[in-house]
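Each of the next two complexes has chain A plus one other chain: chain B in the first, chain C in the second.
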Partner chain A sequence: MIRGLEPFLKAVENPYKTVSEWKERTGKKVIGCYPMWLPKELVHAAGLLPVVVWRSDEPVTIGHAYVHTFNCGLTRSFVDDAVRGKLDFIDGFIIYRTCLQAQELPFILEQHVRPAYLEYLYLPAIFPGAATKDFLIEELERFKASLEEFTGKEITDGELRRSIELYNENRRMLRRFYEFRRKNLGVLRAREVMAVVWSSMLVPKEEHNTWLRELLLELEERQEELLKEPRVKGDLKVVLTGALCQTPQFEILDMIEDLGMVVVDDDLYVGSKYFANDVELDGNKRPLEALAEHYLKREPTCPTKGDWEMDWTDEIAGMVKRGGADGVISLLIKFCPPHLCYYPDIKRGLMEAGVPEVMIEVEHEIVSLEGVRTRLQSFAESLRRGA
Partner chain B sequence: MKSGKKKPSGRAMGAAVAGVDIGSIFTKVVIIDAESYDIISFSIMRSGASHENASRSATKDALRAAGMSLEDLAYVVSTGYGRSRVPFADRQITEITCHARAAKFLFPDAHTIIDIGGQDSKVIRIDAAGRVTNFVMNDRCAAGTGRFLEVMAEALEVDLGKMTELSLRATKNIEVSSVCAVFAESEVISLIASGHEKADIAAAIFRAIARRITGMVGQLGVQERVVMTGGVAKNEGVVRALEERLNVKITVPEEPQIAGALGAALLAAESLK
Partner chain C sequence: MVEKKEYKLNRLETTKLIGPMVDKHWAELREAKEHGEKVAWCSGPLFIFPYAMGMKCHFMAGYAAYCAGRKAGDQVLEAAEADGELMDTCSYHRLHTGMAAAILRGRPVRKEVILPIPDLLITGRLCTEMAHYAEALYRRLKIPVVAVDIPPPRRKEDLPRLERFVVRQIKESLIPALEKVCGKEFDEEEMRRILRVLKKATTLRNQCWEFFKLKPTPWTLWDYGVSIAPVFYMMGKPETVPYYEKLLAELKERAAKKIPAILPDGEKYRLYWDAWLPWAFLGMFIRKFVSYGAVPICGRYPWEFFPHPEYIDPDADDIVKNWVELYYTKGHQAMVMMTEGALEQIMELVEEYSIDGLVMFASKTCRAWVGQREIVNEIERRLGVPGVIIEADMVDSRMVSEAQIETRLQALFETIDARRRR
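Let's turn to the complex of A and B:
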């Protein structure tokens, strides 16, 4: 039992309750941000509560009157929640061109949900040259002015700097947490690791940082004792990849572990992609420029803001090597074009590198978990026979 | 129900082991000699609503045919859809690993295995050592599976076993376009309504299955020898349509339906060593 994990696990149990409760507690307005790379520091600096929107655990109903059934689980579930009024406690939404499906969302929200605040950002998908950065800074200036108009309050450079520092601190601690996981295999369950990262997208960073400090203290103090009794026992080590924009069902993570595979690392969005690097502030640079530079970084690789030069496969293969993993499990969100677009290259690249890989399609409405189990178990069996 | 006894070869008898394959429609049991790998007996019966009952009855049948009792089995491996529901199994292994094992055993030069069962279809690639290197499984949809064929045979009012014979009399090239079992049924009914010959429709159904499976094979690439296992392999019409579509010769074992159970039994024998 790791006590420090409790607040994180509780926070993700019911995200609707978690977010509306702290809205009540702080009296601040809540802004739902679409994953994955919105500069939430700006929203925070405006005195608002930015949260990353999530997928519900209910099947989509009337949402299908507004959005195609062949959209990904997140867009369908988010629209369903929004038009049913389940997200009425959220005061505004910020969407950007994550993918084609996300681009439809502002129109649906504007027509059928009418939130108090709605913004659509154009964060560039390709980075052809220096002009991209100028364009991005200009777009962020426009975004900043739009937030200021909504709150009636100016965002100073000092406030933005403080918000960035707070977010950086959160990223640093999450990285330390991941380092602990890598060095102490089996101590943390995959669902717990994901709950720690996911909750960072739901609760105020101030609070999350306090929880993280306590958790890290407990883990580092009890390291030896925890290592003696690992909670995940397995003879195989795997790296998880994919699951852009959303969390896969925790049952799938449990299943991976129950079949004897220990997760050594991941490049999931609700995982190491979320906190991979800091927004680099230095004395002279305007914090807005630092945010733009952070967005333009090509690492961690992401198919929604990439160029054809990027090599996602190398990144995954590197992770496999560092963690001494036996194989890779790709969690592919059904109907996710950005991931699907790169998947054949990843598969081929990993095969050429001699890294066994299996693709598990993650659906919003999982019809047959047994089918998922057969795929995962066959993969584990092939890894064992291949040794 | 079907059970049978194979003639044991002259080699010395070792311990008996069994593979129990609980599929979505049929349950198959194979008992082999753990030393010689000879098949001692096998049984096939409908899985029904209780996988546990099916596993017990089918095993009882196979044991009866072999003149043995459950205590005589040194090791039991369960596989298939209901593999976790076999109370007397020592170990459970997926049907992907089991079909690969059986195909390698029956045809040592096998590299691609197409297994079409009642509800699932799978394409498996194995390396020279028989290890599974890659596989794809159909989505939750029943298109191109045994259940699909059953529904189609019903719509055509022909015995499933006679569908191949019927399809050989096809004269016109018509299409069943749908990949969904439910919609394909309506398509077939509409073809009947517009006066098409049953033979032409039967041939079109086989081609529709072949198209579906070809898409899965395409994800892995074909490497010969291609072996087809699972109950649907008993249907020559499907095998021929697939051969034509893939432009490759397909080998079908004598009893393709029990391949999963045979693989499980072989893995049970290996577990003893």
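Let's turn to the complex of A and C:
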């Protein structure tokens, strides 16, 4: 039992409840941010609570009258929630061009949710050239002005700097938490690790930082005792990769562990991609420019950003080496074009590097967990045989 | 019960000329490297720039149409899948990685659809997946890439700043990259020459387009579709203007003699067709339409090709800006890639061209034509014009179910009939 994990697990149990209760408690406004790279620090500095929108655990019904069945689970589920009124407690939404499927969301929200605040940002692909950065800064200035208009309050550089520092502190602690997992295999379950990251997308950073401080303290104090009785017992170490924009089902994570595979690291969005880099503030730089530079960072590789030179496979292989992993499990969200277009190169690249890999297609409505189990089981067996 | 009458497609003579013209274009592209010419592969509306440099240029969607037309689509897709591609990936993307697999690993595909490895990959990120294709090819071929982000605007007030962004990228990234590859300065005069030809061709094409307003219509959207190449990847070629002159003359003659696109007496249903034309299945679709007396009349895809030739100014001081204005502040062509702009335009088309129903062609591997379901909902609500969604693919035959298409079309025609009886 790790007591420090409790608030994180409770927060992700029912994200609708978590966010709406916070809203009731504080009387503040909530802004739903589409994943993955929106500068949420600006929303925070405006005195609002930015939350990353999530996939529900219900099958999509009415939503299919508004979006195609061959859209990814997140877009379908988000639209379904929106048209069913499940997101009415959210005061505003910010969408940007993550992929083609995100482009149609503002219209649907405007028609069916009519939020008090709706912003569509043209965050650019990170193509080389000064035009990209200049346009991005111009776009962030416009975004800042639109938030100010909504709240009726100016966002000062000092406030933005404080929000960035708060977010950076969160990132640093999450990195420490991941470092703990790598060095103390089996102490933390994969679903717990994901809950810790996911909850950071749902609750105010101030609160999340408090929880994280207590958790890290407990883990560090009880390290030896926890290591004596690892909660995940497995003979194989794996790295998880993929799952852009959304959480895979926790059942899949449990299944991986039940089959004797311990997750040593991940590059998931609801994972290490979320907190990989700090926003670098220095004395002279305008905080808005620091946010732009953070967005333009090429690592961790993200296929939605349009960087053709960074090699995602190298990053994954590096993670495997650092964690001494036996293999890689790719979690590919069904109908996720950025990942789909990259995946064959990852598979080929890992094969050439001698890293065993298996791909699990993650669907919103899981058709058969038994099919997933069979794939994972044969993967584990092949790792054991050293095939 | 839908009334069945014997309808027959009455093909135009002029469109028969397009096959040899297109074949010549692709043959020149295949042979370019042997003649020491530079080759670019391009996505998005940027091919005029390599053309101005005298490069031979392949265009992503145009290649898909060509492959499909040569009945090589499924074969190239098989090569892609043998090389690790997954079926849900954009079939235009898979066609290119399939071709790369044919070049790199000798996967068997028909020779006429194998193109030379280019000197430059040009990404025009009007659709995000148009960027992924170049990224994937870079990873395989390690050829220089130059990329221009072309964000589709949601609101008219967004147009000026997006336009400035695109102009800067073309001037600061694309043109220097072309100059480097070609070893010479950007040929602005050649771009002006291409634009002069394009302006003539698109002006004629717009005059042809007007004939869609006639009832019965003398031609179909498919005739228009197969005539895209002269204002698209063949832009600037001298033969493109005479092609449209002939087409216009034939349409005028048909109109004067009241000769319809389908016999015996013209269409019973006038349809709007959304998204890509189904390149590999043009024949199957038109046969089905015609059997019901239906004709596809207009659509937002063909519309994106220069609906406003009046804004093409070959003598503009800033020729790059003039080109980008066609997509942004003047021509608004990029707005059809967002639901807001598409809905506005489709509503105009429905009214102006007396459309009876919408057929939304939803490609299971392509989401570029956003908002299809909402557009059907809204047009039904605002104009009372019904629509159906057909889920299929522009190239991959495994995703095309004739039975499903038949059922959806029957439902559409029965709805239109029922409303007419009211």
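Convention: the second predicted complex is superposed on the first by the 385 of 387 C-alpha atoms of A that agree within 3 Å, B and C clash if a C-alpha of one lies under 4 Å from a C-alpha of the other, contacts with A are read in each partner's own complex, and residues count from 1 in each chain.
The criterion applied here is as follows: a residue touches a chain if its C-beta (ideal position, glycine included) is under 8 Å from a C-beta of that chain, and two chains touch if they have at least 3 such contacts.
Note that this is a predicted model, so its numbers are computed, not measured.
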| item | value |
| --- | --- |
| Which of chain B and chain C A:68 touches, first, second, both or neither | second |
| Which of chain B and chain C A:303 touches, first, second, both or neither | second |
| First, second, both or neither for A:367, with chain B first and chain C second | first |
| Partner chain in contact with A:108 - chain B first, chain C second, else both or neither | second |
| In the complex with chain A, residue positions of chain C that touch it | 83-86, 88-90, 93, 97, 123, 125, 127-129, 131-136, 138-140, 145, 147-149, 151-152, 154, 158, 161-162, 165, 168-169, 172-173, 337-340, 343, 362, 364-365, 367-368, 370-374, 377-378, 389, 391 |
| Interfacial residue positions of chain A with respect to chain C in the complex | 65-71, 97, 99-101, 103-104, 106-108, 111, 120, 122, 124-125, 127-132, 134-135, 138, 303-304, 306-309, 311, 334-335, 337-338, 340-345, 347-348 |
| In the complex with chain B, residue positions of chain A that touch it | 351, 356, 361, 367-368, 370-371, 374-375, 377-378, 381-382, 385-386 |
| Chain B residues within the chain A interface of the complex | 81, 93-97, 120, 131-135, 137, 139-140 |
